[in-house]
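Following are the structures in question.
Both complexes shown next keep chain A, but they swap its partner, so chain B is in the first and chain C is in the second.
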Partner chain A sequence: MRVMRRIALAAALTAMTAGAATAATRIDFFFPVPVDGALAKEMQNLVARFNQENPDIEVTAAYTGTYDETDIKTRAAIKAGKPPAVALMSANFITQYHIDDLVEAFDPLVRAEGKAPEEFMDGFWPALVGNARVDGGIYGVPFQNSTPLLYYNVDAFKEAGLDPDRPPVTWADWLEDARKLTRREGDKTTRYGIMLPGTYDILGWTMSALTLSNGGQYYNPDWGGEIYYDKPSTVGALTFVDDLVHKFKVMPEGTIQTPAMNNAFFGGQVAMIVSSTGSLSFIRQNMKVPFKVAFIPRNVRNAVPIGGASLIIPKGNSKERQEAAWKLVKWLTSPTVSGGWSRFTGYFAPVKAAYELPEMKDFIDKNPDAKVALEQLAFAKPWFATYNTVAVRKALEDEVQAMLSGKKTPAEAAKAAQANADALLKPYVDATALNLPK
Partner chain B sequence: MAQALADAAIVGPRPERLIEARRTRGFVSAHAAFWLLAPSLFLLFLFTYVPILEALMQAVSLEGFGGKFSGYGFGNFQRLFADASFWKALSNNLVYGLGTVAPSIALAVLIAVALQDATRLNAFLRTVIVFPVVLPLVAVATLFAFVLMPGVGLLDYHLAKLGISGTNWLGNPDTALYAIIGLSIWKNAGYYMLFVLAGLQGIAPELHEAAKLDGAGAFTRFLRITLPLLKPTLAFILVIAMINVVTQIDHVIVLTGGGPSDSTNILLNYIFQAAHQQGDSGRAAAATVISVAALLSLSVASLKTLERGMHYES
Partner chain C sequence: MRIAFPPTSRRALPLLAVACLCGLALVWSTPLWWMLVACVRTIPYGSTQAASLVPDLHPTAEHFVDAFAQGDFARWYLNTLIVTLGILMVQLVTITLAGYAFARMEFRGRNLLFYLFLLQLTLAPPILIVPNTLMIVRLGLYDSLPGVMAPYFASAFGVFLMRQTFKTIPRDFEEAAILDGANFAQMIRLVLVPLARPGLIAFSIVSLTSHWNEFLWPLMVTDSPDKMVLTVGLTSFVRSAEQAADWGLVAAATLLVAGPLLIAFALFQRQFVNSFLFTGIK
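On to the complex of A and B.
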């Protein structure tokens, strides 16, 4: 609450006064790093390069923790009247920023350069546009993005008599492979076929991936007041997962914490897991035996949500600072910088042109898993974003966790999740779609 | 004669003057005390009392859609009490409190009494037991994430030898809170033991020797001498332990984030979720006021109860 905000504010103020006294426009850039320290350092390097190339601007890059913490700190700074000029924000938070009227639209900046906003967005992968444009305006510029992938253990595939070059394509294949891959000794399971991450945040993302693969839309991408938890596409996805656990017993019961899932994959206690493309380098570093990646299997169609973060310009910045911020945003999303960051982190580059660069073509040739991630992008959809996204997401996650522990059936879980989510969405629905002429 | 002398000795200087002198001295020392305390008071005021007042204000300030101020009232409390997650967090916190406070204090007393003699072995064992205290809670939680892993974790590895295996401690809503309670006891018992050891130093050995001569056994001596004399120490530990129940949260955030299905969501995490994940600062402030008020009254009540019949040694 206020106390936390005060601390965040103090930190923000310290960061702001740290810049040197020059005539250049001084701006702040808040950025999170979800993985490790090396990325934060690389970001500082990038900003130093930008400052050198643009002597009229001095950017102070402030590492602000995780995606969630960056959200908290950015909001605190805006409330205190000292917003950063640029913040790297989880792509599905942008809808809420727009609803709260806390972000500037990029459209005027794009138009000032004689470009149409559509033309500007055309430079990015189509899947990313949904989270960047809200109510017709561009409120976020994609910077680093991911999709879920199926990771599988090559040795386990061979041992089970499966061809590691032919990963499961449909849910039917997926189940069949999982049954072959599950190894039991008496009543003990020494290797499970599948594990899905059950931790808050990634659980909701994984469930939306399965719902999309089941033909669903999961949420209303055009208006933040609707989520489709009790629709057949979602109920089908929930039932499939419940069957994997309770009917076919190819996945362990209960919520699987993400570190436990990763460890089980490294240790050979599970043959297939679902994880982000952003985890590619982490898994590559820790996995001792060969593994491969594949598309998320489909029941109705191939489709996955994107993840990742976009650059925003919070409200409350002067024209001059907005101009400087825009320069930084354009520089960070230029093909060269974007491609370099992609190769360094494992995220894919949001700008299509980045993949035309020779160094990027070379990289894709040498890293077949990065190629799979890139190809799946053609089937990617926006990340679900509603009013009060985090709470709405948790409404489903709590019910799925109960289902995974055998306390609720998929139908009960879907119904309860829908009721809870609707209650959370009500204030926004009342203020918009049900706010009718009297 | 003797009486007269004694009276004179008692009366001494004229009473009025004595009172006056005391007053001036009291005034001067109060002044000095105030100025000596002023810097800390100023900081306390700025960073403790002002935020407390702000939290109270925020709890009764109502916001409409989009965070627009719409007046004062108890609407935040009404919404809080109507939220099933709040009651779940409150009951989780009660279970967590009951499950951690009594066992960790009992364990602390037991270990302290067992290790109170200053032998070399005891010194070593004390160090071993205090070790978890020096680890940050975040680090402990990260360690336990591995210890508690189903199949590969240390706990499961040993339990498997007893024929119990594959328990997903943190992934099952029925066991997750108890796993977190176990971690808290492991982490805190050593800390409380330090206080008990200090308390034991204050008990005169003559008392035990006298009781021994009277033929009292070790258990009787523990029950009739050690425990009653430890009461002030225990009262202090109890308050510290209750504060820990409400303020320690790192392990929950690292291990479960309050899940699965809200089964480990305790009040502080609930407040964090309301404030930062749902942007509902009014409800978060109301929950803060409730939990701090509950903590304060519990602490006062426990100190009062334990102070009754307390033995202080002169």
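On to the complex of A and C.
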């Protein structure tokens, strides 16, 4: 009896080890699609290519909805003990993942290859480092990134007597152009000068772009407990937007849904919009009349936040899975793959070396709008990230929406947003900066 | 389609009420009409034509071609059918038995237990995502269709509905069945279930539509593309937070999701209406 059991055990063990030697490491990869459905398919193609090139790893790519849904799913999966090996996460969520201790640092993986973490990060555009490194460790590897851009209709510029080669540079130019571009017939406005997107997430992003252009910092980039909603730089930005709507009437009142804004731009019902560089390919493909892009105009300085997503390795993965994940991350951020994804989507490639490739140089030559997006990168800053980022972001967005519909003044909106955000940040502030020696 | 009103009361129905009902029907059916018109029309981005309700003279199938080229519809329909029907089968058994227990059986803490059951209705489902995922992983059902179904096997709403339904059935039926020599299982199956059919049908409609349309939970608990249900599959290419809406594709996709339910409702309309009249749900 005992002998039999031993033989069975030995047989089972041999079978198991043999299995491990031949079977590929199976890992899963969560990816959201915030921009365009065609990207989901392209991502599956990319992963299929990776699987072919790496027979020892088998990646399952799981579509996980929007950035917010991907966050919920990833957190639930980690808590349930089934973390994905890699997740593509909105770049400004990474601080929170680190605070909650849910994400692995990349530093040991980088060092294991004989590289210094600094050297690894040097391969990426400097503006991206702020959101990837938290408390000195690398917790995210940038994959697809964007900045806000000003898109404008060339025909509308000509019709209004403006030079389409000289887009607005300062807020004063911007307002003046918008007033000339706004076309009214009686009480009805048939073309608005400007539209800013009002949908959650991109609204907060746009407001931070205007605040940065107004000389502000928006948040404390070194510590997740502070946000500057009631500072002059933010109040100034809010007032500027409110004036566009209520004083100068060059922008429609109320919350503008992003798809509706893009539709209005295609249809010529608005002359200038602020949208992500990530929409560049989409707009290029669908805009029937000529358009151009330009930097976001400045009041004090040229500055925009980055957006987009980074790859993370959640905690709770075995050593073997981590190494397979690291291979996938390196492959996805290699210059060739990164450049290809950039050309397909319109996001810029986070890896500097991607732009040294001949196919990329060719692409930039043929698409001057992509070049503008690339040049604006020199003025890019990290994306705001705090404790409880999403709720803190919504605290401002709700107030801005109230302001846009004429229910609040900019000063009231800023004050209320600050109070709400402070309440949301309090637990973290109490646990860190106000946690003093007793 | 036959009209349920007898001729006399129909004549007596004031004209005004008919006009009101027609107005309501118009409001209700306009989006459906738009969907039918838009799904076969070429709509350039930014065109105001997108909102038009007048059908085009040159219908196009491009949106459906697009949709089918991008999605694995056979798989998605099959998965959705398995999930919705699977949930319903189990639910019909559990709610009948639990409903009977709460309606007829005497045991200590019955009311307390029943109210605890009802409390579940007040919870917003997203709160349960983490604990449910945890349980599904422990059961080894993560990334499987049974994992999508499991949390719904018991339904507080269904138990409540069946309890109320059983309470409206006079006890005499059960007593007669027992006297005739039926055992407990036979009594439920042959006497009570047929009498409670309207309640079961009403519940089935609610259950089928809500699980057919469900998005968040299947997204949370499945990873593999071959486990995708219809709603998740469609959003993977139709949804576009940052982009302009491709209205033709949106309309075609909506029709593909809603179509089967609409057809089923049209086919079984009379039974549905009767069951609602019987249960008093309107």
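What to note about this one:
By definition in this document, the second predicted complex is superposed on the first by the 415 of 438 C-alpha atoms of A that agree within 3 Å, B and C clash if a C-alpha of one lies under 4 Å from a C-alpha of the other, contacts with A are read in each partner's own complex, and residues count from 1 in each chain.
We adopt the following convention: a contact is a pair of C-beta atoms (placed from the backbone, for glycine too) under 8 Å apart; a residue touches a chain by one contact, two chains touch by 3 or more.
From a predicted model like this one, the values you see are computed outputs, not experimental measurements.
Aligning the two structures on chain A places chain B and chain C in a clash.
Of the two partner chains placed by the overlay, neither chain B nor chain C lies in contact with A:P168.
With both structures placed on the common chain, the touch criterion links A:K188 to chain B but leaves chain C unconnected. Look at A:A38: by the touch rule set out above, it reaches chain C but stays clear of chain B.
Look at A:G130: by the touch rule set out above, it reaches neither chain B nor chain C. By the touch criterion defined above, A:A391 reaches chain B but does not reach chain C. When the two structures are aligned on the shared chain, A:K407 is found in touch with chain B, with no touch to chain C.
In the superposed model, A:T64 lies in contact with chain C only, and not with chain B.
Looking at the shared chain after the overlay, A:G225 reaches neither chain B nor chain C. Judged by the touch definition given at the top, the superposed model places A:G268 against chain C, while chain B stays out of reach. In the three-chain superposition model, chain A touches both chain B and chain C at residues 72, 75, 199, 259-260, 263-264, 267, 269. For chain B in complex with chain A, the touching residues are 51, 54-55, 58, 65-67, 145-146, 149-152, 165-166, 168, 170-174, 255-262, 271, 273, 275-279, 281, 284-285, 288. Contacts from chain C toward chain A in the complex involve residues 44-48, 50, 70, 126, 129-130, 133-134, 136-137, 142, 216, 219-220, 222-225, 228, 232, 235-245. Across the complex, chain A meets chain B through its residues 1-4, 6, 68, 71-72, 75, 96, 99-101, 188-189, 198-200, 252-257, 259-260, 263-264, 267, 269, 388, 390-391, 394, 397-399, 401-402, 404-405, 407, 424, 427-428, 430-431.
Residues 28, 30, 33-38, 40-41, 44, 60-66, 69, 72-73, 75-77, 79-82, 84, 199, 201-202, 258-260, 262-269, 275-276, 278-279, 282, 286-288 of chain A are the ones that touch chain C when the two sit in their complex.
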